[in-house]
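Report on the following structure.
Chain naming follows the written order as A, B and C, and within any one chain the residues start at number 1.
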């Protein structure tokens, strides 16, 4: 899914870049809380792990194979903030060093494969672990989280494609194709993530960030201020995960909306330019997104360009916000529980 | 002044497992001492106290007269050079130069001074020609020597090596021994490679069940089969302690 | 992607391109990609001019065409996709060799192929003339947050170590008759991934201890400061500025 240069128009590339930068900035702050001065070495090693795991190809269906995205896996193992950082660094290195993913598409790739997969994966994970408790719950949650994170990324891709894709393909067709394949890939990703988390949980449960609520309260009895190599001695920080994420998400999305609409309204995208030149705009708009009032986000149905962009982005905001909010409200109960244990 | 003094050191992990039960040891300046002990004796736990990665639950650790406390950590970490067992853990920077420079740069060295420290340290372990290479391109033995250089660059009072001979082929083992013998710093070598201890260290300590169980000339300790057996230590098959040299 | 793979990214050399400070090259490559992406796709000769510019850079850097072509395999998946667009695309259709193709689809395919290829070649040239760690120094100079640079540095340092571990685990699996053929093998693959994570994480902890014992306090000492002169900036920015000039002429 590594998007190359030229696949999306400049407006979307630039605004996704702004979203990615802001998201990474939020996570840089958050990761310090998850790991403190161990952030750099730990996140670096986990990024190398994600890079290696992305090489695990698994068969999907009839001759196609998929590979892990790893966003949900990273979020569950090391926490959402560190997870985003790891994904961002992996994509950065792939783009700049391996030419895998375009330089101008870096923002898009980080947004789709880093931020969306982690946000959705972590949201679903928190939700499910509240419903199903214990180690079994963690494994089920890991499966569902990564299963859903992959089509969610495909959906985000489709959405960006709708806003600023350069290929004249019906968005519904893109959505169907991307969705179909990625549900299948998602099942593979879900299985691998669940088994991976299960395997780590069996040997070193303390290393699964998402399962920190399960740690026995015994570890809190150590003498004050002791720095140790014993990982279980870390304070459980799983409680305060999602709220800044939600706020960050809102901010980013508004930014995206603003930038997109600015660019979109100041210049029609390449396809439309050609369409106008060639005189087949009428024909094209009949097909492009004809089922939607947003049309090709031109002036279909009398809705001006900028507004269409904002509405499109608003939909992402709603979906991501709903997931994050649901996870946040449910996430508060165990945090309070942890406090009681400490007292 | 002694390089290292440990007195009544006890430590329990936060989960309640106690690893050290009152360790006493003193190492004079310039001595080369082996710390012997079976797996699980508390060797690594003890080593982690020497530069303040772990904080003593009870007792004190003093490095060249400076007690290990929170406010002395920076100074202590400069004076105690800890060489980890796996050189890949120790060499985390992209090139040998950056890696050797990491410690001195943290201590505030810059420019010419830093470059001198780096080159000097690499020279002492015979790895100067590898200065611009990435660590993962070196052989295992070379990486271990560079790991030694990374702490030598900080001009430590005492060099602490964790299992220095593990995974080395015979030639690399000999080369490292030559390097260690040529250094004029205090050395504490944690190992269960008894012949290597005998080769390099006059004096040995046996750490067993969290206390120092024996302290004496390496040759004498290793000749005492009953003592070794009591602490799960064994000489390799066919190895015998050579007859003592003629007393001069 | 083989494990030894990323050693071949960088081709040692002493050309003028190799000697440019990394921050100049990074910025130049990004700016070039932006100009390419911003170019309207019907300006064929502008794309030809961009390709010539890259060829000039490759020539100046003594990067052999074979190296660039081999590395370009990375964009194959999207090339295949691009070939599909005219077939499934919408709009006015035309017949080429008996195939009914969409005209806007052809335009889109051309657009993606041209821009993606130019972008990929620019990245390849950057990586071929700049060592990975030097690229990171450049990124640091360009004010990329230092924590991000550090994470990338640790990742690059340990990529080989981790890929080696992964290879050993695969050899261990396969030497016991394991073959990953279908879904039933996923648990075994995943258990290796779990073991790999534990090893990676524990190594991270040991590395952190090693850093602590050499005086690390959460801040990386600035190493290998690379400064760029105005002249060097000028040389590096020749690429995007020429591209911009081409774009300006084409409009």
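Basically, a residue touches a chain if its C-beta (ideal position, glycine included) is under 8 Å from a C-beta of that chain, and two chains touch if they have at least 3 such contacts.
As the structure is a computational prediction, the values presented were derived from the model and not from experiment.
S.K.: What chains touch chain A and also chain B?
M.R.: Under the touch definition, chain A and chain B have C as mutual neighbours.
S.K.: For the interfaces B-C and A-C, which has the higher count of C-beta pairs in contact?
M.R.: Spelling it out, more C-beta pairs touch across A-C than across the other pair.
S.K.: Report the chain whose CA-based centre is farthest from the CA-based centre of chain B.
M.R.: Max centre-to-centre separation from chain B belongs to A.
S.K.: Centroid of chain A to centroid of chain B, CA atoms only: how many Å?
M.R.: That gives a centre separation of 45 Å.
S.K.: How many angstrom lie between the centres of chain B and chain C, each centre taken as the mean Cα position?
M.R.: Here the centre of chain C sits 42 Å away from the centre of chain B.
S.K.: If you average the Cα atoms of chain A and of chain C to get two centres, how far apart are those centres in Å?
M.R.: 21
S.K.: Can you list the chain C residues in contact with two or more other chains?
M.R.: Within chain C, the residues that touch at least two other chains are 132, 153-154, 156-158, 161, 203, 207, 209, 211, 216-217.
S.K.: Can you list the residues of chain A that touch 2 or more other chains?
M.R.: Chain A, residues with two or more chain partners: 41, 229.
S.K.: If I count partner chains per residue in chain B, which residues reach a count of at least 2?
M.R.: 48, 53, 92
S.K.: Tell me, which parts of chain C touch chain A in their complex?
M.R.: 1, 6, 9, 26, 29-30, 33-34, 36-38, 40-42, 71-72, 74-75, 78, 85, 88-92, 102-105, 107-109, 111-116, 118-120, 122-124, 126-127, 132, 135, 145, 147-148, 150-159, 161-163, 166, 180-183, 186-187, 189-191, 193-198, 200-201, 203-205, 207-209, 211, 216-218, 220
S.K.: Please name which positions on chain C make contact with chain B in the complex.
M.R.: For this pair, the touching residues of chain C are 132-133, 136, 153-154, 156-158, 160-161, 203, 206-207, 209-217, 221-224.
S.K.: Within the complex, which stretch of chain B touches chain C?
M.R.: 48, 51, 53, 74, 77-78, 80, 82, 84, 86, 88-90, 92-95, 98, 101-103, 105-107, 134-136, 150-151, 154
S.K.: Which residues of chain A touch chain C once you look at their complex with the stated criterion?
M.R.: Of all residues in chain A, those touching chain C are 3-7, 10, 13, 24-25, 28, 31-32, 36-49, 51-53, 55-56, 58-59, 77, 85-86, 88-90, 92-93, 95-100, 102-105, 166-170, 173, 188, 191-200, 203-204, 207, 229, 231, 270-271, 273-275, 277-278, 280, 283-284, 287-288.
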